[in-house]
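This is the structure, below, for whatever I ask next.
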Amino acid sequence: MSRTRVLLLGAGFIAEIHAESYHRFVPDAEVVGVYSRTEAHARAFAERHGIGRWFTNVDEAIASTDSEVVDICLPNDLHARLVIAAANAGKHIIIEKPLCLTIEEADEMIATCKARNRKLMYAEELCFAPKYERVRQLVREGAIGPLYFMRQCEKHSGPHSDWFYDLKRSGGGALMDMGCHGLAWFRWMLGKDVRPLTVYAQMQTGLLHGARTRCEETSICIVEFDGDVVGCAENSWAKLGGMEDRIEVCGTGGVVYADLFMGNSALTYSDKGYGYAMEKAGTTQGWTFTNFEEAFNQGYPHELKHFISCVREDTEPVSTGEDGRAVLELMNAAYHSARIGQKVALPFRPKVSRPIDLWLGEGA
Amino acid sequence: MSRTRVLLLGAGFIAEIHAESYHRFVPDAEVVGVYSRTEAHARAFAERHGIGRWFTNVDEAIASTDSEVVDICLPNDLHARLVIAAANAGKHIIIEKPLCLTIEEADEMIATCKARNRKLMYAEELCFAPKYERVRQLVREGAIGPLYFMRQCEKHSGPHSDWFYDLKRSGGGALMDMGCHGLAWFRWMLGKDVRPLTVYAQMQTGLLHGARTRCEETSICIVEFDGDVVGCAENSWAKLGGMEDRIEVCGTGGVVYADLFMGNSALTYSDKGYGYAMEKAGTTQGWTFTNFEEAFNQGYPHELKHFISCVREDTEPVSTGEDGRAVLELMNAAYHSARIGQKVALPFRPKVSRPIDLWLGEGA
Amino acid sequence: MSRTRVLLLGAGFIAEIHAESYHRFVPDAEVVGVYSRTEAHARAFAERHGIGRWFTNVDEAIASTDSEVVDICLPNDLHARLVIAAANAGKHIIIEKPLCLTIEEADEMIATCKARNRKLMYAEELCFAPKYERVRQLVREGAIGPLYFMRQCEKHSGPHSDWFYDLKRSGGGALMDMGCHGLAWFRWMLGKDVRPLTVYAQMQTGLLHGARTRCEETSICIVEFDGDVVGCAENSWAKLGGMEDRIEVCGTGGVVYADLFMGNSALTYSDKGYGYAMEKAGTTQGWTFTNFEEAFNQGYPHELKHFISCVREDTEPVSTGEDGRAVLELMNAAYHSARIGQKVALPFRPKVSRPIDLWLGEGA
Amino acid sequence: MSRTRVLLLGAGFIAEIHAESYHRFVPDAEVVGVYSRTEAHARAFAERHGIGRWFTNVDEAIASTDSEVVDICLPNDLHARLVIAAANAGKHIIIEKPLCLTIEEADEMIATCKARNRKLMYAEELCFAPKYERVRQLVREGAIGPLYFMRQCEKHSGPHSDWFYDLKRSGGGALMDMGCHGLAWFRWMLGKDVRPLTVYAQMQTGLLHGARTRCEETSICIVEFDGDVVGCAENSWAKLGGMEDRIEVCGTGGVVYADLFMGNSALTYSDKGYGYAMEKAGTTQGWTFTNFEEAFNQGYPHELKHFISCVREDTEPVSTGEDGRAVLELMNAAYHSARIGQKVALPFRPKVSRPIDLWLGEGA
């Protein structure tokens, strides 16, 4: 059986991780083309990864490669249009988080994919991160008894690309960028049939990046789930010292802590410093937590292998457009809560162009 | 290009890890047969891993599968005979550590493989463990300046199988079983052209397993390398609480610490306990260091992928029979040192049937 | 100058810590009497600590020792009456947390002590815990730039004595028992002139102790302070594996983490188990985090030494009745918030008999 | 009862720690005088610590204060003469490690103190470090079963004062400076009646400090004790990143790890850096392990309190001149071993002016 042909849209940070993951860990997939609006980026990316074709026109890219899968690693505001275009072109879709900017978009994306019988695979890698999956297995096994609390923290000193700071493109700050991970992971841990009841959020802005964005730089988002389980997603663009991604899971029979970055690292003291310690590490002089196999430890290879397998064997992915939509709804509720200082009950059906408008005020 | 056909000799602990690693991470390889002298083990292993054929006669296994590679995961005393048999049958060979029991065997194994133009690939997974490889890269990059000290500790509460305790089969205890890792890794870190000058060793016996073995249960082995670099390999069969595998690397510009088990784990408190925490963890009630992707973190997939690639592309493996022989020489010197209480200069050419005889006395 | 005479009211867990701290670290103080309503407890405590007199009548104890300081380590519902009685008897007072049950009580206690010119010293040991004080000093020094977030977690598997579960005596659960620490510590870190603006709280009950209490077993309490600083106090009576007391402090120039229990411990694996690992550790078989100098690391000696010094030198304590009152107000607001699902603005002036009534409903 | 009067000889790093420890934790002692050969140091030290008198002539200091205890914090080569002088002047003596330079000196010091009926108290603070004492208690309690291995590592980037580098004054390098701690601690853990049988040592020089000293910069020293217990003392003057002081204790029923510096610290990331992280920390920018109560955690207050109590109550100290002598003998054997590459059997009676001569060669 031949390899599954993948078209990669985007040539930035996350596209690099996808390309590396396909290459090293997903032998059943082949990246046949890459798109970036900047020619130099597209060409360099293709050369670096040995990809046959590169494009600067996204529609041409979709039309002129006979790919079966389009893997979208582009800014949030492009998600809806491109998913719909790709589905209409008969492609299965891998879409990076967050799903899109509005609930309406989400509904249309899901409906189009359904109508075209294409898979809409929502790339939530935390559902595949091997250490976190080990924790999920422990919980399933009853190691810590019935669950009543989960926390996921994801924090760093600010995003890779400028478009994240532009709320018209990103739809929001740290919560949109990273809170989506924690919220998706809570649902994954509990099982998707466990309903979220309310959302409360606390946000801060103007910490490190006030000069260039009105987006929230920190967010604490508390979700109450049916069965008296509480999830707490904490996110920051204002935390120095490198990437933080960790969880705490409490049951009445025990507790588990896991840390994907510091908790997997070698500990280094370097007088002179060195090239790279971990994502957004800051200085590498003095003590550093040196990471290895970062993409693997975050679950990207496992995720992409799963998605390619779903396409090849026509099975249901564990993370779908519906999941992305549910996370988007929670984030919308969180922004609204941060504005009004109250828990927001779910389901929540806002009418805004961007989630963050619910916090900053309509048309912000 | 079709997949490389591998015959697996052995159906125990390490054979399981190899089979899982091939299956998940080495798409270019296919395990086509498995041998165990115990029919039930061979059959169950084949079924569990979807392997087409199983054997209880090792020579028949080698003769009747058209494998290109024989991967030997059997007790130490069988290594020499089977490597030679496989080479004579035209197979490339992956041989688990240690290489064999005597220097004479090593020489014959190497000579036979050379004569037959077959690859003798010495399975030292620490040369592939991703965290340790990250450390090696740091050192190469100059992050900690010129190296002057390395330690590798590998300790647990005793081996999986009874044959390890039988010094006629194993050739020695904790040093033979695990010291080979540290010694190989020192050479890998320094570069194989850096000569070891002397070996000193300190051993203990009769701790946990005195009733069933005369083998050393602990070993501290100090190697002086050219250029005033010291390596210290520490090993134990008497350390409770689960597998320990960690390194400490000192240079005049810094230091690095890395830990493969505790240092990659989730931290769990379980009231009732659960199924599995890590290799030889003991109890899982109370606090445990829960591991994930153990085989990956120890480098097995990377190692086997590399070996298969060497066969397919006819390139030189990073770990060869000569490396295994060099490690064996160091271990022989270590046993002799433990007996006489002095540093032993290298090269060292003992005439004994088993390395441990140099400690316990000839014909022990 | 002679030693300052202290009367200790209470012979339970916290009284033990006070007695040990005076004895080992506060040479200027002398415990001259101890009260417990249970004769056997009072007598045994006095003998164990070499205290001259013991009492089972608290008023007699206050009247018949010529103590200068009364140190109150009794259940929360007794605080107000005994502080007032002691002040009226001319004693300076050390009062364990929380200050009392109602704002009215607090006002009366403060007024009485003021009228009698007696010191009301509120025993908040986190303001003295040496590791946390080191962190405070780092922050003052500018090591992490302007502060924008603080978290303090204090969690264990449930209190020492039954009265904590009786909301009529305790006034509330995990928040009253331990949340008071975090809230006091936020004020201490920021400076007491930085006003808290709002409080939000999330609580859970019926986890481990549902059969014997209606008190909250977990609490997450978010406080917004003037200057856009957020504090998050997290507390639990449902966390197995031993005491947790840790902080996280974020500034725009860095971050600090500190852990008083796991983070100061020796790491032990014990096959058979042993006597004591840390407060509420659960099993001591397997891996444990073995503590040392627990009282010292929590700051009790420093706190009591400071209080005794304030009495001797007639200086102002760093933690006073006003501080205890401010914390009580925050806790009242938190209970109210947990009920209504909204942020509560400060100042907050409830009229309830017990803080937890604000969550469970009046007269609960 | 009045306070015990202490004369402090020395005004350097360790004298500071003693002065602080007396002041904060040993109320029964009073430092009545301080000596430094440098007037400015003596005066400043006295002022800083509120000490009544300061001296630049050591004999005058001993003669003209009516101290009961002389506490010697001066370079190694002065130890013997001053202990003898102080004993002859009728003083009890606290002597910092190592006891002195030669076995002959040790014998004379011990004999003089005995003849004068003065206490010779050997200041080995590891016998008092609270975390290590907790570990000793665990071992005594049987938590880890019969002991068979102990390691103590003490490493940093080089000593505080120049005299350490001058082998005529120090008598040796990292082993003399810090190895004495591990060797003393092994004896303390095992009980002093457990005889050491052999010593083996491996040393390195010319790493960080080759331009200014011929002293060993690293030392690994393996001691075999009666009952098949092995101790391994590891020391370095060439380890960057701050002070390391940690232990590993193995028994057939478990294992304990404890770390006095990193293992007690707050973890800080500071963009700009700050004043002080821990002893010899190097940079404070980036990640650091921030220490607190360093003197307390190393056991100085407990040690000095014990010594003062021994004087006041005329009891036997847990660490005496005989202990210092036994450690000195082990260090002598270690230097000899490092020269000859063999285990050295004990007892060992060398005739050299300085221990390091046994490694470098007589008259080096």
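So that you can tell them apart, the chains are marked A, B, C and D in the order they are listed, and the count of residues begins at 1 in each.
Everything that follows uses one rule, which is that contacts are C-beta pairs under 8 Å (C-beta built on N, C-alpha and C of every residue); 3 or more make two chains touch, one makes a residue touch a chain.
Just so we're clear, the structure is a prediction, and the values are computed from it rather than from any experiment.
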Number of hops, chain A to chain C, where each hop joins two touching chains: 1
Centroid-based (C-alpha) most distant chain relative to chain A: D
Between C-D and B-D, the pair joined by more C-beta contacts: C-D
Interchain centroid distance [CA atoms averaged], chain B/chain C, Å: 54
Cα-centroid distance, chain C relative to chain D, in whole angstrom: 39
Touching two or more other chains - residues of chain C: 240-241, 253-255, 269, 271, 284
Overall pattern in which the protein chains touch one another (line/ring/star/complete/other): complete
Chain A-touching residues of chain D, taken from the complex the two chains share: 240-241, 269, 271, 282-289
Interface residues, chain C side, partner chain D - complex: 25, 27-28, 130-131, 133-135, 138, 141-145, 253-258, 263-275, 284, 290-293, 296
Chain B residues touching chain D - in the complex, by the definition given at the top: 148-149, 198, 200, 202, 204, 206-208, 218, 220, 222, 224, 228, 230, 232, 236, 238-241, 250, 252-255, 341-343
